[in-house]
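Before anything else, here is the set of structures, which you'll find just below.
In the two complexes that follow, chain A is the common piece, with chain B as its partner first and chain C second.
Coming up: the complex of A and B.
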């Protein structure tokens, strides 16, 4: 797996990085991680290319019912990269109303695996 | 002279006799005229009387005739009236029969229409009651579901540990994978 796709795991990271790139392009001096510098390779068009690459990353949207730990977020992002798509970035949302389980939205496909849905289905 | 005198006397006597005779005749005529006048007056009175009597008789006769004619007229009128009334009664009876038949027909139609209307209203009412019942039941079901769900929600919220939450999320991911959603 390319280092770039290994490093960038969540939508939040993509957004943060895009802001930093904009700042850089505006003449600012944000502090980028080393792997980003390696990706850009000090080429003038490197930042624009990286920006496009970041913007084209597919987003795996996942809604859960609890506040996950950083460790769990990491675990989830890795699982997605290994089992779904290596380029995918995780967009984790929290909705306590779903009680448990998860709601998945991936490439236009939506599926509700929440406990509230199961509860609703069983009490129908 | 004597002769003349005698003659004159004679003439005179003749004249006097003539005058007397004439006077007598005039008186006679006058008397006769008076008699005639009297007779005429009497006759006139008689005629007048007769005319009066005749007039009365005529009047009486006329009255009788008029009375008879009126009676006849009344009788005729009564007969006609009676016939007309009979005819009228007959017509009235026929009209009443017709009206009765019409009323009966209309009543039957009206009863039918009324029955249909009542049935429709009844059906409508039943549908509305059913609808209201279903709505009420659905509302009640919703309410029960909400209460049950709220109770379970509270229970799950308290019961599920973070580890169990994590496990459920992975179960969901695996299910999606097996269903080829991801």
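Coming up: the complex of A and C.
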């Protein structure tokens, strides 16, 4: 797996990085991690290329009912990269109304495996 | 929002808005979306799939609410439909069937119909065989219309097109038809004016006013004529004769152009979409006279309107519409400026199927009248050259003047066809005494009122006309009765 896809794991990280690139392009001096500098290779068009690459990353959206720990987030993101798509970034949302389980949203497909839906279906 | 969640669960597909271009948005996702499918956004507004691309779906929006990049969208699995039912009569609705101007309690109809539907085929069609009285003498006698005809009403703005359309609507509804007036991209006030007129004429309860104003989204305006025709088809299938006014299709074409350019499609002539002829022809083709499943016949008369600029009949959309309709009624600004009302230029107007619906009497009257008017014109030009006026010429000109005065009709006057025939025969025979052209209007008004109130008088006129098979026989019968 390329280093770029290994390092970028969540949608939040993509958005933060995009903001930093914009700042850089506007003449600011944000502090980028080393791997970003390696990716850009000091080429003038490198930043634009990186921006495009970041914007094209597919998003794996997951809605859960609890606030996960940093460790759990990491574990989930790694699992997605290994089992679903190496380029995918995780967009984790919290919605307590779903009570439990998860709602998955990937490449236009929507699957609701939440407890609230299950309860609704059984009480129908 | 509830609707959105329902469809999300139902179809199991989600999309994310990736680009917003006014009325058109691009959505990523929705892998199994189909052309024409209804899409619902998380804010509740709806749209229709316009095009399918590799990873995106192009959607035309109908709602007012702003859409942001990142908003969610869901498929519905069904095409765009409009609620249809008798509940809509006497209502002003938008092209999605939602009420606009409050007119008593609104009950949402239970039935729905797709707005886009292929026209019925040849098997279900019948020839146009029934006369459609418009109540406007110059049209009924010289450019007659039939039920099921598609007749273009064309002319510059402010030349009296709407007045004529409303007169036709009143006359058609009084004759038992159902009326649908679709305002396409007009000002909001126009709908109010039309409703006021319809209420004043006591026919609003048999009319549906469909309004997509210039302040609505282009997508909604684009939808308007299709919704109007779908609604008309519902009433037709109930066995009713329906009159649909599409006011106006030249403006509709401009909205099509706007949407087509927004979607970056290759522009055709005058930047209109390349398929504008197809889309309008397919729409107008839904009109006609039909044989229903139970064997009865019901018609869908469509009067599309087109605006011209400086009477230019050769415009792209105007000529398109002319070639897909069964004739056109041309409102001439020169005649309007000369004080002629309605300012219809009968020499430049055409009716392709209207004459076949006329009775033998009307046909022979029409023929005689046209040749007489041509003769009057010829004589008038002779007089202009300073030729000596013989008694014969004098008589022709005097009669021509009276006929011209007879054709001068106020906006709120609807003349029953038998009164038109009877009055014309009185002029022809010189039975109105020394009547001057200024007095024609008053005399005609008297006869119309008497015809509408006095049953015996009505029967007398109807009887004379009923037993006359030709113009000559009618003149004989009227002459005998009058003397």
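Everything that follows uses one rule, which is that the second predicted complex is superposed on the first by the 124 of 124 C-alpha atoms of A that agree within 3 Å, B and C clash if a C-alpha of one lies under 4 Å from a C-alpha of the other, contacts with A are read in each partner's own complex, and residues count from 1 in each chain.
The rule we apply is simple: a contact is a pair of C-beta atoms (placed from the backbone, for glycine too) under 8 Å apart; a residue touches a chain by one contact, two chains touch by 3 or more.
Remember, predicted model here, so these are calculated numbers, not experimental data.
> Looking at the overlay on chain A, is there a clash between chain B and chain C, or do the two fit?
Because the two structures are overlaid on the shared chain, the partners are seen to fit without clashing.
> Quick one: classify A:76 as touching chain B (first), chain C (second), both or neither.
It touches chain B, and chain C stays clear.
> On the chain A superposition, what angle, as a multiple of 10 degrees, is formed at chain A by the C-alpha centres of chain B and chain C?
It is 30 degrees after superposition, to the nearest 10.
> Given the superposition on chain A, which partner contacts more residues in chain A: chain B or chain C?
After superposing on chain A, more of chain A is contacted by B.
> Who does A:84 touch here: chain B (first), chain C (second), both, or neither?
first
> With the two structures laid over each other on chain A, which partner does A:117 touch: chain B (first), chain C (second), both, or neither?
After superposing on A, A:117 lies in contact with chain C but is clear of chain B.
> Taking the superposition on A as described, I'd like to know which of chain B and chain C A:109 touches: first, second, both or neither.
After superposition on chain A, A:109 lies in contact with both partners, chain B and chain C.
> Just to be sure I read the superposition right, which of the two partners does A:64 touch: chain B = first, chain C = second, or both, or neither?
Touch status of A:64: first partner only.
> Go through the superposed model and pick first if A:96 touches only chain B, second if only chain C, both, or neither.
first
> With the superposition applied, I'd like the minimum CA-CA separation between chain B and chain C in Å.
Across the overlay, chain B reaches chain C at a minimum of 10 Å between C-alpha atoms.
> Do chain B and chain C land on any of the same chain A residues, and which?
109, 111
> What residues of chain A sit close enough to touch chain B in their complex?
My answer: residues 60, 62, 64-66, 68-69, 72, 75-76, 79-80, 83-84, 96, 99-102, 104, 106, 109, 111, 113-116, 119-120, 123.
> So in the complex, the part of chain A that touches chain C is made up of which residues?
105, 107-112, 117
> Tell me, which parts of chain B touch chain A in their complex?
Interface residues on the chain B side: 145, 148-149, 152-153, 156-157, 160, 162, 164-166, 168-173, 175-177, 179, 181-182.
> Using the touch rule from the top, collect the residues of chain C that touch chain A in their complex.
Within the complex, chain C contacts chain A at residues 8-9, 11-15, 28-31, 74.
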